[in-house]
Amino acid sequence: MNSFWALVRRDLRLAVREGGAIGTALGFFLIVVSLMPLGLGPDLNLLARIAAGILWIALLLAALLSLNRIFEADYEDGTLDVLATGHLPLELVATAKSLAHWLTTGIPLALLAPVLGILLNLDLASYPILVGTTFVGTPAVSFLGAIGAALTVKARRGGLLLALVVLPLYVPTLIFGISAVSAAAGPAGMGAAFLILAAISLAAVVLGPIAAAAALRIQLQ
Amino acid sequence: MNSFWALVRRDLRLAVREGGAIGTALGFFLIVVSLMPLGLGPDLNLLARIAAGILWIALLLAALLSLNRIFEADYEDGTLDVLATGHLPLELVATAKSLAHWLTTGIPLALLAPVLGILLNLDLASYPILVGTTFVGTPAVSFLGAIGAALTVKARRGGLLLALVVLPLYVPTLIFGISAVSAAAGPAGMGAAFLILAAISLAAVVLGPIAAAAALRIQLQ
Amino acid sequence: MDLGPHAAFIWISYAAVAVVVTGLIGWLLLDGRKQAAALEALEKRGIRRRSSASAE
Amino acid sequence: MQLIAEDLIVERGGRLVIDGLSFAVSAGEAMVLAGANGAGKTTLLRTLAGYIRPSAGSVRCEGGDVELTVAEQAHVIGHANAVKSSLTVFENAAFWSEFLGSANETGGHIESALRNFGLDDLAEFPAAYLSAGQRRRLGLARLLLAKRPLWLLDEPTVSLDVASTERLVSAVNEHTRAGGLAIVATHLPLALERARTLELVSLRMAA
Amino acid sequence: MQLIAEDLIVERGGRLVIDGLSFAVSAGEAMVLAGANGAGKTTLLRTLAGYIRPSAGSVRCEGGDVELTVAEQAHVIGHANAVKSSLTVFENAAFWSEFLGSANETGGHIESALRNFGLDDLAEFPAAYLSAGQRRRLGLARLLLAKRPLWLLDEPTVSLDVASTERLVSAVNEHTRAGGLAIVATHLPLALERARTLELVSLRMAA
Amino acid sequence: MQTLTQQLANPTRFMDLSARVLPWVAGIAAALIVYGLYLSFFDSPADYQQGETVRIMYIHVPCAWLSMMVYGLIAVSSFGLLVFRHPLADVSAKAAAPIGAAFTFLALLTGSLWGKPMWGTYWVWDARLTSVLILFFLYLGLIALRAAFEDESAGAKLTAVLALVGVTILPIIKFSVNWWNTLHQPSTDFTATVDPSMRWPLLVMALGFTLLFFAMHLKAMRNEVLRRRVKAMRTQAVAGRDRLATQPAE
């Protein structure tokens, strides 16, 4: 476990050092959310209606763009080769790196989402639920994303291909994330959707690293 | 000019060879457009109203994700160093590479946009205008994008940073692209917005490579 | 002083400006002190600037 | 301990690169892999490290820790250096020491590894500032940061100046003297002790 | 033709790397840059090529084509090879020939350049399949694809086997014999003719 | 005989000069702001339309003006760096960016807080608001781009290129947003028609904030010059201490 935390710590440190990755993800999130009204028109009622959807989509895109940092740099500079000779199984290596991604991207995005809700005239009552769903949903984003990142590590043009591979995996998270927010406004409460979202996240945390490790083994050849 | 076309041809060939960049951009476009109804709800009237906006935003995002391919690979494998010793001024190198990007990304996206309009229940009358505006607007996307790509070529975390730098530059294109489509529906016709969009594209084609070349010179140090 | 029904907005605005501006000033002062201290420590170790050093 | 390769057959990109190679390297021995460009040195080293699965044949360790795979007992130095530009030289070394090492390392071994490769004075610099050879030396410092019996080195002397090459050679010699194994692919004649040479030959395509 | 560097002062990362260096290389001459890791060989070559602006001093060509900059008269071989993995070996060479060359090249020079570096058999392979040394040779083939009077080579022999190193040396010798200039940074003793050596020394702080 | 700019561009002279000027600028700024606060709370009437909330104007408008002025300053400094290669020009651009971003943020924040009572919502996608938001993004871009490079001088020049690109695109954005927006907010344009009883406090506050900015900018520039000195000394101190390179192996 020593090695596990050493890896997590190193990734956190790299995220902070290298161009303020965290700030950049937040900036991108902010910009995409504000481009949407430019595209969709400034009608505040309309915006309020689709606010949760816009926030979730923008969050996914921001996370998506940062996914390639999970494995790509490590592959290119030979670090992945060496990580594979450690005593830590590759599954745990993938877990450590996805965890670091969640800490440096998922959590900050989840914290920013409600603030951006203001720009979209989001219903006040939805705020706590929005916070809850983004917190519960973002682990799925990082750990599922790791699969795509591992699959495309060797492909040039990673960015787009990665997006293409990962976005379909994100569909369930997106649907339940949004419906948890909108259900909360309704009479039934958000119970079911929220629980399913949590289940998806849990499954992603367990299965994501296994798939990612398998993909990495193939890439090392 | 020999060298210029040699470079354009090589970039086109690389785009076709490497992971089917064109197909990937189209796939991403398709997925983002189809995620939107998931996020915004399936109300067809609503979708039709904001279809042009969604298409333009998704197009920008798809283009954005492919921007890093303009200069990044060439920087990393040392090609940029050699390109700088050619008889072709760096401004024309940047022009050639932006042009290749437009041909392999801008045009296919512009061609796909009206098809995706069907998914969004876009008004039939808007089709020709949509085609026209996307064709006229996408050069700005590639040539302005080249500035961002050149600025971030050496930066770690290219993808996100690139997006952060470029998206504000895209705002005028986005606004006039959409207003040309929606103005066409109104009585005044799309005249002015369309002309301005064309002017923006022209300016981008001229000024983008100059700024990009300046940035590249700095990166080579 | 009565600021009417929207007093809270006025107070929050002024407070936000006060917080941000004092935050900036505090950061600038602290940073200045830090750099000066670092410079002094280096000079104490006998390290000199190159003569007529540029700002870079 | 002994590293044994038996009847290895390895293909790359549909093409036979290594065809039926067997050898054994015992504790205290070094083996130099020689051969022209494209003969398969890198391929062989990556197969030994377990990255590439041979189409036939096997690689195993005898007499080592039975719970560990070959890879887990090996240091692999490839063409890339596994150095992070935005970490300092010391942070790079400290991470590898913590990740690769067992818990009961004595303190100070990071400094001594860096000193051995002449990097101690550069310790606080971001690795981005290093020249090509300094970077390579930081990659090589990994060898001394954690104790592992098997060293697999792929052209370790690339970019090294004469003094650094000597340091490397003496590090390898010390390692084998202490009972370690080393397999070194190189194009240069190195003054390795207790070494034999395995000459790989390029296979022509079976037309 | 003559390449003249006068009173060059170059800084990297706020730190003086080259302090007041002057030299001239004339047509038909080769100059070997020697010096330990980090002495500034790469920095000097990139300054000569015009990538890095010196803080003071100048680099110029005398007697060459006055309309061209130094960079436009030079072949620069750096640590990276400028090889595209997804193009074939031939396509890589053809692109550089077209991009760097003047229009009136004779046909067949691509084949002969590849043959010179022993790559003719590999011409139709994607460059992704090349080994480290084969890749380096493809990078070096650029030297023969377009005629340029000045060659700036940074550790050109990295990863090359003995035979390829000899090929390279004789290519450089032919180039200087035909009136070209070459500046070669290297850690190995190469059998270059008409060559002198410039030994760079790491600068210590002026305390 | 050196010109004034040459004298200012000499870092040592800048340090001397700024040390003398800074206390005065800061002092006058503080005095003006205190006086302006007094005026805005106790010596100006409530607006007949906007009621007491008009008092937000006295901080909102100076922040909004500064947000634009500071970007102009950054653009001029960037030009100075790229064309004249003055090292101090870069120091100025680097020091101004976070302060400008902070004022832009404050303009957005105080504007939204004013918007709730006036327009019934914190945010509308009005032309002016949108273009200020994009200005804020440009600031973020400048800060993020500079932070992304290990090599400071490359980062500085690249950031300068972006600042100049941004300055050409800003008017287009302002103009295009005007065009696009169909939901104009009335009553945001009354500089000329501001009642004199409000104009005076506004002017005092605006001047005070401007001087405050210059004081902070000077201080930030001084810090940056010191930071560079420290860094230069540190690198010089370890330069050439690569033992293998400078000494024969023992």
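Structure notes:
First chain written, first letter: the chains are A, B, C, D, E and F, and each begins at residue 1.
Going forward, a contact is a pair of C-beta atoms (placed from the backbone, for glycine too) under 8 Å apart; a residue touches a chain by one contact, two chains touch by 3 or more.
Remember, it's a predicted structure, so these values are computed and weren't measured experimentally.
Counting steps between touching chains, the shortest path from subunit B to subunit D takes 2.
Counting only chains that touch, the fewest steps needed to get from subunit D to subunit F is 1. A centroid comparison over C-alpha atoms places C as the chain most distant from subunit E. Among the other chains, the CA centroid farthest from that of subunit B is the one of D.
Although subunit D and subunit E carry the same sequence, what matters here is overlap: shared residue numbers make up over half of all numbers found at their interface. Looking at E-F and A-D, the interface holding more C-beta pairs in contact is that of A-D.
Distance between chain centres (mean CA atoms), subunit A to subunit F: 33 Å. For the pair subunit D and subunit E, the distance between mean C-alpha positions equals 30 Å. Measuring from the averaged C-alpha position of subunit C to that of subunit E gives a distance of 50 Å. Rounded to whole angstrom, the centroid-to-centroid distance between subunit A and subunit E, based on C-alpha atoms, equals 45 Å.
Multi-chain contact residues of subunit E, defined as those touching 2 or more other chains: 13-14, 36-38, 79, 86. Within subunit A, residues 18-19, 24, 27, 31, 38, 41, 73, 156 each touch two or more of the remaining chains. Counting partners per residue, subunit F has 134, 137, 140-141, 144, 148-149, 151-153, 180, 228, 232, 236-238, 241-242, 244-245 as the residues that reach two or more other chains.
By the touch rule above, subunit E contacts subunit D in their complex via residues 12-13, 35-38, 42, 79, 128-134, 136-137, 155, 158-165, 187-188. By the touch criterion given at the top, residues 46, 49-53, 68, 71-72, 74-76, 78-84, 86-87, 91, 95-96, 98-100, 103, 139, 142 of subunit E touch subunit B in their complex. By the touch criterion stated above, subunit F contacts subunit D in their complex at residues 150-151, 238, 241-245, 248-249. Residues 13-16, 36-39, 201-205 of subunit E are the ones touching subunit F in the complex. On the side of subunit D, the complex with subunit F involves touching residues 85-86, 115, 117-122, 124-126, 128-129, 134, 137, 161, 163-164, 166-167.
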